[in-house]
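One chain, chain A, appears in both complexes that follow, with chain B as partner in the first and chain C in the second.
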Partner chain A sequence: MSVRLRQLGALICLSVLELYRRKDLFVVFVLAAVILLPLAFFAPFGVTGAGRYVNELALLLVWLFSIVIGLGTSARLFPPEFESRTIYPMLAKPVARGTVLLGKYSGALAASLLALAVFYLAYGLLTGFRQGVWFPPVLWQAFALHTGFLVIVTALGLLGSLLLTASANVTLCGLLIVGMLSFGQRLAALAATQTVPGKWVLYVIHWVGPHLEFFDLRQRLVHEWPPIGWGVCAAVLAYAACYAAACLALSGLIFKKKRF
Partner chain B sequence: MRQSLHVGLTVAGAALAVTLGQCVPSVCAGKMPQAVGEDVLAMILGDARLVFSDAMMGKAEEYFHGGVRDVVCEHGLGTPHEEPDRHAAGEHGLEHAGAAAGTDFWGWLNGQIHVQEDRHIEGEDVRELLPWLWAACRSAPQSIRAYETTAFVLAHMTKRPADAVRLLEEGIVKNPDNASLEISLGELLLQSFHDLPRAERAFEAACRKCRAADGPEGAPDRVLKVKALFYLGYLAKQRGDLARARECLSQAEQLAPDDAGTRDLKRMLQEK
Partner chain C sequence: MDVVRLDGVSKAFGSVRAVNALSLAVGQGEILGFLGTNGAGKTTTIKMLLGFFRPDAGRVTVLGGDPCDAATRRKIGFMPETAYYYPYLNVRELLAFYGGLCGMSKDQIRTRSEMLIARVGLTDAGNRLLRTYSKGMLQRAGIAQALLHDPDLLILDEPLTGLDPLARIQFRDLILELRRQGKTIFFSSHELSEAELICDRVAILKQGALVLSGAVSEVAGDGRQNLERIFLKVLGVAGGEVAS
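Here is the complex of A and B:
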């Protein structure tokens, strides 16, 4: 058991180090500063004090960068190992296939969550200094749900990395994420207006697809609406855990039967 | 030796490029392919700017409704808003929440997470609309709706009528043939500044710019011209020039006898 935990820990450390080595965090921070700093001092028609647009753009960047980092890390988990055949020595260590899978997933998730925590800390400080509101409950909820979002995205990325090349995986998962974030709320209504078979396709996506829009609390955060009920928050996080578990189980099945 | 030659050639090339960049537009004035007066954004984006401007207006509308998109509400941005409390209490929200609760579980969950209520922005918070409205005006100077809505928000919601006048004047400079902006300017000068001479000049300019052609295609211009004539008649009556007021009424009756503006002007002149 302790050996397995050590192996898992090593795999997680590797992913976090890889994120640090690739300097992704540094690049996104510079990019965010270049975009947000001039906007923070902008006074349209000479009127100062408007801040929601900066908050909205900052949160949009947080979401965009978290998707880039989460998907970029998880989509590259296995294809390079298969191509360079480094998967053989890893499995010959010996490390069980399940441990490799879980370790890789936990590593990608840990790296993504670490980046997310840094983003939210920066956002919390930015809004605190500008508006004098320090880390309200809705911000904690937004962070908690965003972690749930990354739990699903990294699980999807991992599943795709066993079936597709890294670029194909990123493209397909990216389309799925953007599609669900944009249309997830309206899928049932859209399906109701379609004819068969489009109607059933949309209903299947509605029931089986990952409802990533559940995790998006930007509207509440930007427009200062009250937090959601903690029961709803827990239900959404449970949904994330179940969906990720299903993806991991499927990945385990595929990885077990995979011939290299 | 070779390196210094490369450096020298690079510097000479750069100097030549800068010199030509400065000389060519003045030497070939009028023969350049670029349209005069168009900025880089206009040349790159073309009419897509209007789409962008509409998107910015949509964003401002969303902010006006407390971040709720596609809301069905009789009070849009830029329209008089007399009953804020009824909306602040979330009357529409109950309708939306009820609709969400009647659907499937995912729909219910979405209804709990994403705000469905309609809460109109008020007081100091109105300034949150300005960045989007600013972007709407700057991205497409030909968008009359953007200028008029922004001027309304500046004048009536943020209580900055002087800025609204400046914006409308800028819109008129950029859209010299548009009568609607002149009427908006005249109304603003009349209501917020009681500057009757300037308002009258604006309404006269609007009258000149209206090309009220016969048939359905001339209907919008006829409505605008009747509106301008109503205000001109009203101003003439204010200063006791009844002959001019009657002339305005007769022009309005010729254009659109059943228009509300014509009827109001007629009623006003019948009153003592």
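Here is the complex of A and C:
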């Protein structure tokens, strides 16, 4: 195994072990059970089809918790290292700063995806048990796009963790994520109706901000619509990879210049 | 070849000149006591030796290479002044993490870790999380991580902080043993009496500039003056006048 891979492995293990030891994963499992178990047994008012409202609620909570886990893990990547000065012995080792950054990012992403996989597994099993449809293609697509979403969220969290305290980072990134999920699709149309300079501000957000609404397939899942084209799915995942790569490149520049 | 070489090194942060035209060399197998008051520039110098940043002027060479290169840092072990490490790891996991960063194999890490954990006296606490460790125990864990990859040069920043008298004696024995093995030790400290016992040479820094450097026996003269008095004297503090 190459030295770089061992270094990345050590950094990833550290993040996952932290998640495990901080009991975050335990909380995730309990929440998944509490939220998703009722899906298997609950038939609201005995009305056929009303169960989809429960599915919608469950998916909303899955999204909220995935944001909490993804952002919570990535926003804490560097501030505790700076505060407790563990960054010094780390950087004194024969490891490049770029490797540290990539390892930290991969660790946060691995930890977030682990939690996400638990949520989707539980959702797939319980809806399968209730509706008799086991892991339809649209569920796989929803999971794939949700991983793309977390690829961007953790990259944003990492970037913020180099510049802000963990709480400020969570607040700022949280606002950006919720804002883009809610209004991202309508930004261009909204900008067209505004006057300068508001128009330009909205256009800048439209072009620079992460279009997280691309990754949301909840409506398709809830209403049992057919899956989207796999080409579209691949394009959206490519967008996630490019956006995260841009965030990582910017983080790399900041980390390289950062004085400890 | 000098293991550590600083040639006219200067570093400023804004209007504050932290290190000023510092020239210093440390030979192989030598223990250098790097002394100075708070804010004298010791930590800034150590950070340049570790390649955390480059000097504004002058040149830093460690083991013939640039410390900003990872290949050079492979031969350096560093123990920071106060590091709390990762509270949710035990010392074995901590060493496994740092061993991974050094690119060591699992077998190498296991062998070195067990040896070092025993050497620093943490065997009984090996499975306890670091958050339950006392400050002295954390310092021992710090020494273990610095020695993990068997470095040629050991840079210790205030290593005696928090150690009880017994641990200090054990630490002193460890340092002297490392010197016998041919390791070079760059030892930053406020503990002048310990520095006097351990170090071959001392370098005293004042406001970023080197004000005194030499063998401990030369600096302390014929034994009428101890290092503490010399230190006060070169810093121009009243206590040093007694000696003079």
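By definition in this document, the second predicted complex is superposed on the first by the 238 of 260 C-alpha atoms of A that agree within 3 Å, B and C clash if a C-alpha of one lies under 4 Å from a C-alpha of the other, contacts with A are read in each partner's own complex, and residues count from 1 in each chain.
In the analysis below, a residue touches a chain if its C-beta (ideal position, glycine included) is under 8 Å from a C-beta of that chain, and two chains touch if they have at least 3 such contacts.
Quick caveat, the model's predicted, so the values are computed rather than measured.
K.L.:
Between chain B and chain C, whom does A:52 touch in the aligned arrangement: first, second, both, or neither?
P.N.:
Touch status of A:52: first partner only.
K.L.:
Quick one: classify A:84 as touching chain B (first), chain C (second), both or neither.
P.N.:
Touch status of A:84: second partner only.
K.L.:
Between chain B (first) and chain C (second), which, if any, makes contact with A:235: first, second, both or neither?
P.N.:
first
K.L.:
Have a look at where A:92 lands relative to chain B and chain C in the superposition and call it first, second, both or neither.
P.N.:
second
K.L.:
Just chain B (first), just chain C (second), both, or neither: which does A:21 touch?
P.N.:
So A:21 only meets chain C here.
K.L.:
For A:7 in the superposed arrangement: first (chain B), second (chain C), both or neither?
P.N.:
second
K.L.:
Touching A:259 in the superposition: chain B (first), chain C (second), both, neither?
P.N.:
It touches chain C, and chain B stays clear.
K.L.:
Once the two structures are superposed, pull the chain A residues common to the chain B and chain C interfaces.
P.N.:
Residues common to the chain A contacts of chain C and of chain B do not exist here, since the sets are disjoint.
K.L.:
For chain A, which residues count as touching chain B in their complex?
P.N.:
So the residues of chain A touching chain B come out as 42, 44-47, 49-53, 184-185, 188, 206-207, 211, 213-214, 216-217, 219-220, 222-223, 225, 228-229, 232, 235-236.
K.L.:
Tell me, which parts of chain B touch chain A in their complex?
P.N.:
63, 66-68, 103-104, 106-107, 109-110, 112-115, 124, 127-128, 130-134, 154, 158, 160, 163, 167
K.L.:
In the complex formed with chain A, which residues of chain C make contact?
P.N.:
47, 50, 52-53, 70-74, 76-80, 82-86, 88-89, 93, 96-105, 129, 142, 145-146, 149, 155
K.L.:
Within their complex, state which residues of chain A touch chain C.
P.N.:
Residues in contact with chain C: 1, 3-4, 6-7, 9-11, 13-14, 17-18, 21-22, 84-86, 88-96, 259-260.
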